[in-house]
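Same chain, two partners: chain A is paired with chain B first, then with chain C.
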Partner chain A sequence: MPRGIWGFIARRLLLAVPVFVGVTVVTFALMQIVPGDPVALLMEEKMATIDPAAARIIRAKWGLDDPVPIQYLKFLRNAVRGDLGISYRTDRDVTTSILERVPATAKLAAAALVLAILIGVSMGIVAALRQNTFFDSASIMLATVGVSIPNFWLGLLLIYLLAVEWRWLPPSGYGPPYPYLIMPAVTLGTGLSAVIARLTRSSMLEVIRQDYVRTARAKGLPDRRVIMTHALRNAAIPIVTVVGVQMSGLLSGAVITERVFSWPGVGRLLLDSISVRDLPMVQGCVLFIATIFIALNLLVDLSYAALDPRIKYE
Partner chain B sequence: MKAPTPARIAPLRRSRWRRARRLRNLTIGGSIIVVLVAVAILAPWIAPFDPVKDADLNNYLQPPGDRYPLGADLFGRDVLSRIIYGARVSLGVGIAVQASALTLGMTLGLLSGFYGGWIDNVIMRLAEVIFAFPGLLFAITIMAVIGPSLYNVFLALGLVSWTSLARLVRGQVLTIRQHEYVEAARAVGASNARIIVRHILPNTTASAIILVTLGIGGAILAEASLSFLGLGAQPPTPSWGSMLSTGRDYLLQAPWLSIYPGLAIFLTVMGFNLLGDGLRDLLDPRMQT
Partner chain C sequence: MSTRMFQRRAAAAIVALTAFALIQPTTAQTPVYGGHFRRALSSDPANLDPALTNTSRAIAVKMNIFDPLLRQNPRTLELEPGAAESWSVSQDGKVLTFRLRRGIRFHHGREMTADDVKYSIERILTPELGSPFIRTFDRVVGAQQFTAKQAREVSGIRVLDPYRIQITNSVVDSTFPLSFGSLYIVPKDEAERLGRDFGQRPVGSGPFMFVSWSRDDSLLLRSNPNYWEGRPYISALEFRIIPDPATAQAEFDTGRLDFMLLSDATYRRYAEDDRWKAMVIEVAELFTRHLGLNTQKPPLNDVRVRQAINHAIDKATTVRTILQGKAVVATGVFPPSLNAYSRTLRGYDYNPQRARELLTQAGFPNGFEMDLNGSSSPVTGRWLEALQGYLTAVGIRARIVQADFGVVLDRANKGEVMSYVLSVGGGSNCVNWLGPFRSRNFGAAGNRMFYKNDRVDALIDQAERTFDSRRQIQLCQEAERLIVADAPWFFWNYNKAALVHQPNVHGIIGNPLEMDWIRMDKVWIQPRR
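What follows is the complex of A and B.
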């Protein structure tokens, strides 16, 4: 690692702070432009007319009487402390409700990511090394198919075939990884593995033509070492960038996959909250997921340093 | 003319093979897109029925047959006609979103990577704030807030899509700007604008094409996903995603309601991907040496 890397990490961490603040501003602002009065929204299902006394109590409980900038500052202060407010619908703590759903989403996303990297990178490497062969052609076609399949359609087809027709797996539900995680992980990971395979292939094709790879081969290094140490490490920068970018797709995809398979994660909590217009819960879920992304982007940026010492962190 | 030596035959063969594959990708991808664009434009003339008005409850969930080649939905509407009209929604959203992403993303990524300093900081922090909201989740949130409509889908996806491209281009510029040919260009007195346009831009286009091509497919998938969740195009607009959403509830009874709209999305996205692959092989100078 270059010597300036620790300073870079510290600066990068500091720069993540305004991004987090920016994210809270956008999240808060979006909730402010919801048409209608939140009190009316809260009470319309419970009573036909709005009782002024009850409305006052509600406004005080959710801090709706404060001016908007003060509401925002309180929201920011509480968010930093991990307090995302109280649900309009369940009257429960939003943070607790989200944290209860995190393990399910984490399991799903991690399984899909591991599957995607394993399949994508190995398929990409082999396709590049066997360029212009049948295997290359077949893996390109497979990757094109994988990246083009809508995950909800793939999910429905899997349910139809594996659960309904052949009765191999349960159609939906949450439980031990086998058998419950298989179809959701395949549904979510397929698109990403295809993207990774394409990028790995094109990136490897560029790298294996470089002089240093030829030199490594010329000095008699075994193929495996040339590929893993010299080629893959240099080909990894665009791959890491794309995996970082695609993490967004992975967690967005998790929302849909959770809906298709009734998987009780954060994504489904978000969708359920949207359907009952539970604004604090929607706001909490969006802020939570966005914060996870800030952390992931930071990791992607930092990993460049480990992969390419030529990049100067001025 | 001298006969080619054995050493030259192998590269020639490879190059022919490559050209054939490039042509195949361009041909298949291009054909799919041309057909889809034609279908979208000519929808009123080629669709056998009106996608909305020609409802007939007597034909409730009619399986594919002579009258309805791809079956009928739960209102007795022709699935084929609705898929034909759905091409307008999908292609429109996909192309519009990526056109705005390309313009914004390339410009900001080049500026950010080349100049560094505060320009890089401002652009990348802005990108990160937007990027911190995954595209689809951002769109989902906007729909939840201001209500679902196709215009809001375009707005949300357009605002988010440029960030991936800007980050990719910036990452490449960081490496490219340290190459000797950039230094050489600077040494002979080339202006920054010339260096960016003549020396850096061409080296970033290959990856940009891959990403934009995937992006059109991605935008089409995103629109379909939102409609599948009930947050994009609203009934009775014939959108492939919302057709799938309805189809899900009738998966056992009427699988054609799910299979054909999904197939339409799949083929459209694949068409753009193949086209992009072909163009990439064509445009990347290193692939032709």
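What follows is the complex of A and C.
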């Protein structure tokens, strides 16, 4: 393990504290600024009327009649103790509600990422090695199409073809990976695989022209070893950075894909909570997302040392 | 014939009859027990505590788990017995006495008594619970003292014996009995034992029992074999949470949903298809879609301007085109499913020339500028564009403002907007429908037009105190005529709700109160061969 790594981790974790506080302040402020009263939104969903007496009682129950700074400080005090509060919408513990959606989110994110890496990296490598050939042009075109296709459109197209027309897969739902995970993972992974393919191609093109790759070839190493061990490892740093950021995005909720495939993930929870101004749940989801971002960024930084031994943590 | 021979022949006859019965196709009219019924909800019901939830999705589920004290017949909209087998109203209209059915058992086995009814009301009135229904019962004698913690129980609720309960209201309110149509009875012991978890693991006395709930995914109930009205036909009822309408349609088309609500976009596809149209159930839903006009913002404070807007828009064409025929042109406030609907009320015809004349009389020969507010959904966008086009034709330069539904509502509540598109209903009683036109209900309480007409207020007050339903309807209709003349709304259309079911599904009765609210214990599935 590289020297100084524990100090590096400790410093990064310490820096996470102001990030968390900042995130909660910004979320809290935004939810106050955005018009829309949570009590009114929850009460008048259908009848479009609100009874002032009932609204007063509900406000008192949720502590919404306290001054805003007091509301925030109360939230912060409880959050420090690990209590993220009770959802206005469900009347349930926020932490439990988020945690029970994590497996669905993690499964979808992992499947989409594996798919994206497998397709993206292999397409990128081959495109770089066959630069300016038909395959290169085709892969660039595919990548452009992949990035451009909106998720909801691809999702609905897959549902129409694979579920409605050919009856190979169920249209939506949450269940065992086969058959339920396939279409959401493909939908979510397609755009990402295109990004990875383009990045791998350009990164590989840069690396395979380096002297050490030429040297490796001159030493008579097999092509496969030159590519996988010498070239790809050095080309991997920008790819890992992008994958890390994208993974954070996937874990924080692929809202559109989750909605199209009725996948019960964190993204849908956050969206539904925002629409009814369910502040505790929104805060909880945002904190969860911030944690994912911080943890994955740290992991990405740590992986640099594994990929490039010259990197030292100070 | 010897006894043995008789037994043999009898046994042979039974076998033959049984075999005959087995090979005979069951007619569509003969309900069949069994089957797993799957239906969709557009979002998670969030909570199933009857005292806490008022979303249509949650009601669609909880009405199958709990019994209300009274029920509303979806065909006649009349109140009929529920957990209470009978009820009476005192001569002064303030005291209601209910007699409970004997032998209603909660899902954990205990019999329902009048104490559970009392507890269910007092629970709603407990401030710590934060029930949105607190206003429904806060005029019961002693309710406010109970909520203010000045009394340990509500003095106006008296348990006469285990099966009889008397409730005294402090005011004469003809709509009060309707409140018991949405009073779902909870078992005191289980509600107290489970506390906050009661909304997540509900225990009721209804036709279905709670089994499991995977949030944002599915909710499973199974039939209650001991239900007092008879065991439901289907054995399992699954609510699948499917937020995207296109996905729900794919689920239905692949046979993974047993029925599906139809939107404007999908309505014609099924209603005009020979294979499906027999499976489409339609009701004129108890909702009126309108453009609320802020009567205090110039130039909308001039009644002639509001009338001009009503004449400017061709309702019939908009209903036929952008609403795909899934609505009925509105002439006033009350829709055709309501007993107070007036066939003689003509409303406003499409007459752009008359609209221009009215604008000229009001001092706006060159029109004026106004905003048209609506939620950010693409459907609402299309509606607003259609309205904008018609208004432009008479010189009104309308600017479309789309925002999150909560934002639109908030701004309309505060009187910040000139107009907004909304659909509102008032259930089965005309007095509740007129709530948004009462001057005491300005803003969030429903009157977002800030409309005030003393005569209308007086008529609504009088209708509220009238138990004679014929007289009440007359008063409501008189108020409606005045409201239509004052035009605080552009009276647009009454929504038609529709669903389509699979060919082997039977027993669905459309509910004009809300299409999602279907009594599932009467529904049955013909096994597919």
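Keep this in mind: the second predicted complex is superposed on the first by the 248 of 314 C-alpha atoms of A that agree within 3 Å, B and C clash if a C-alpha of one lies under 4 Å from a C-alpha of the other, contacts with A are read in each partner's own complex, and residues count from 1 in each chain.
In this section, a residue touches a chain if its C-beta (ideal position, glycine included) is under 8 Å from a C-beta of that chain, and two chains touch if they have at least 3 such contacts.
Source: prediction; values computed, not measured.
S.K.: Which partner does A:R101 reach: the first (chain B), the second (chain C), both, or neither?
M.R.: second
S.K.: When the two structures are overlaid on chain A, which partner does A:V164 contact: first (chain B), second (chain C), both, or neither?
M.R.: Both partners, chain B and chain C.
S.K.: Would you sort A:P67 into first (chain B), second (chain C), both or neither based on which partner it touches?
M.R.: Neither: A:P67 stays clear of chain B and chain C.
S.K.: Go through the superposed model and pick first if A:T241 touches only chain B, second if only chain C, both, or neither.
M.R.: First partner only, chain B.
S.K.: Let me test your reading of the model: by the given contact rule, A:Y174 touches which partner, first (chain B), second (chain C), both or neither?
M.R.: Only chain C; A:Y174 stays clear of chain B.
S.K.: Given the touch rule stated above, what does A:S262 touch, chain B (first), chain C (second), both, or neither?
M.R.: Touch status of A:S262: second partner only.
S.K.: Is A:R209 in contact with chain B, with chain C, with both, or with neither (first, second, both, neither)?
M.R.: After superposing on A, A:R209 lies in contact with chain B but is clear of chain C.
S.K.: What is the contact status of A:L30 with respect to chain B (first) and chain C (second): first, second, both, or neither?
M.R.: First partner only.
S.K.: Give one of first, second, both or neither to describe whether A:G249 is in contact with chain B, with chain C, with both, or with none.
M.R.: Only chain B; A:G249 stays clear of chain C.
S.K.: Would you mind listing the overlap between the chain B footprint and the chain C footprint on chain A?
M.R.: 34-35, 156, 159-160, 164, 259-260, 277
S.K.: Could you list, by residue number, the parts of chain B that touch chain A in their complex?
M.R.: 14, 17-18, 21, 116, 121, 125, 128-129, 131-137, 140-147, 164, 167-168, 171-172, 174-175, 178, 206-207, 210, 214, 217-218, 221, 224-225, 228-229, 231, 241, 244, 247-248, 251-252, 255, 258-259, 262, 265-267, 269-270, 273-274, 277, 280, 286-287
S.K.: Give the list of chain A residues in touch with chain C in this complex.
M.R.: Result: residues 34-37, 40-55, 57-58, 60-62, 86, 89-92, 97, 100-101, 104, 156, 159-160, 163-164, 167, 170-174, 259-262, 264-265, 268-269, 272, 275-277 of chain A touch chain C.
S.K.: Which residues of chain A touch chain B in their complex?
M.R.: Residue positions touching the partner: 15, 18-19, 22-23, 26, 30-31, 33-35, 132, 137, 140, 144-145, 147-153, 156-157, 159-160, 164, 195, 198-199, 202, 205-206, 209, 237-238, 241-242, 245, 248-249, 251-253, 255-256, 259-260, 270-271, 274, 277, 282, 286, 289-291, 293-294, 297, 304, 308, 310-312, 314.
S.K.: Can you check the complex and tell me which residues of chain C touch chain A?
M.R.: So the residues of chain C touching chain A come out as 43-44, 46-47, 49, 52, 54-56, 127-135, 138, 147, 196, 199-200, 214-218, 240-244, 246-247, 250-251, 253-254, 256, 403-407, 409-411, 413, 422-426, 435-436, 441, 444-446, 514.
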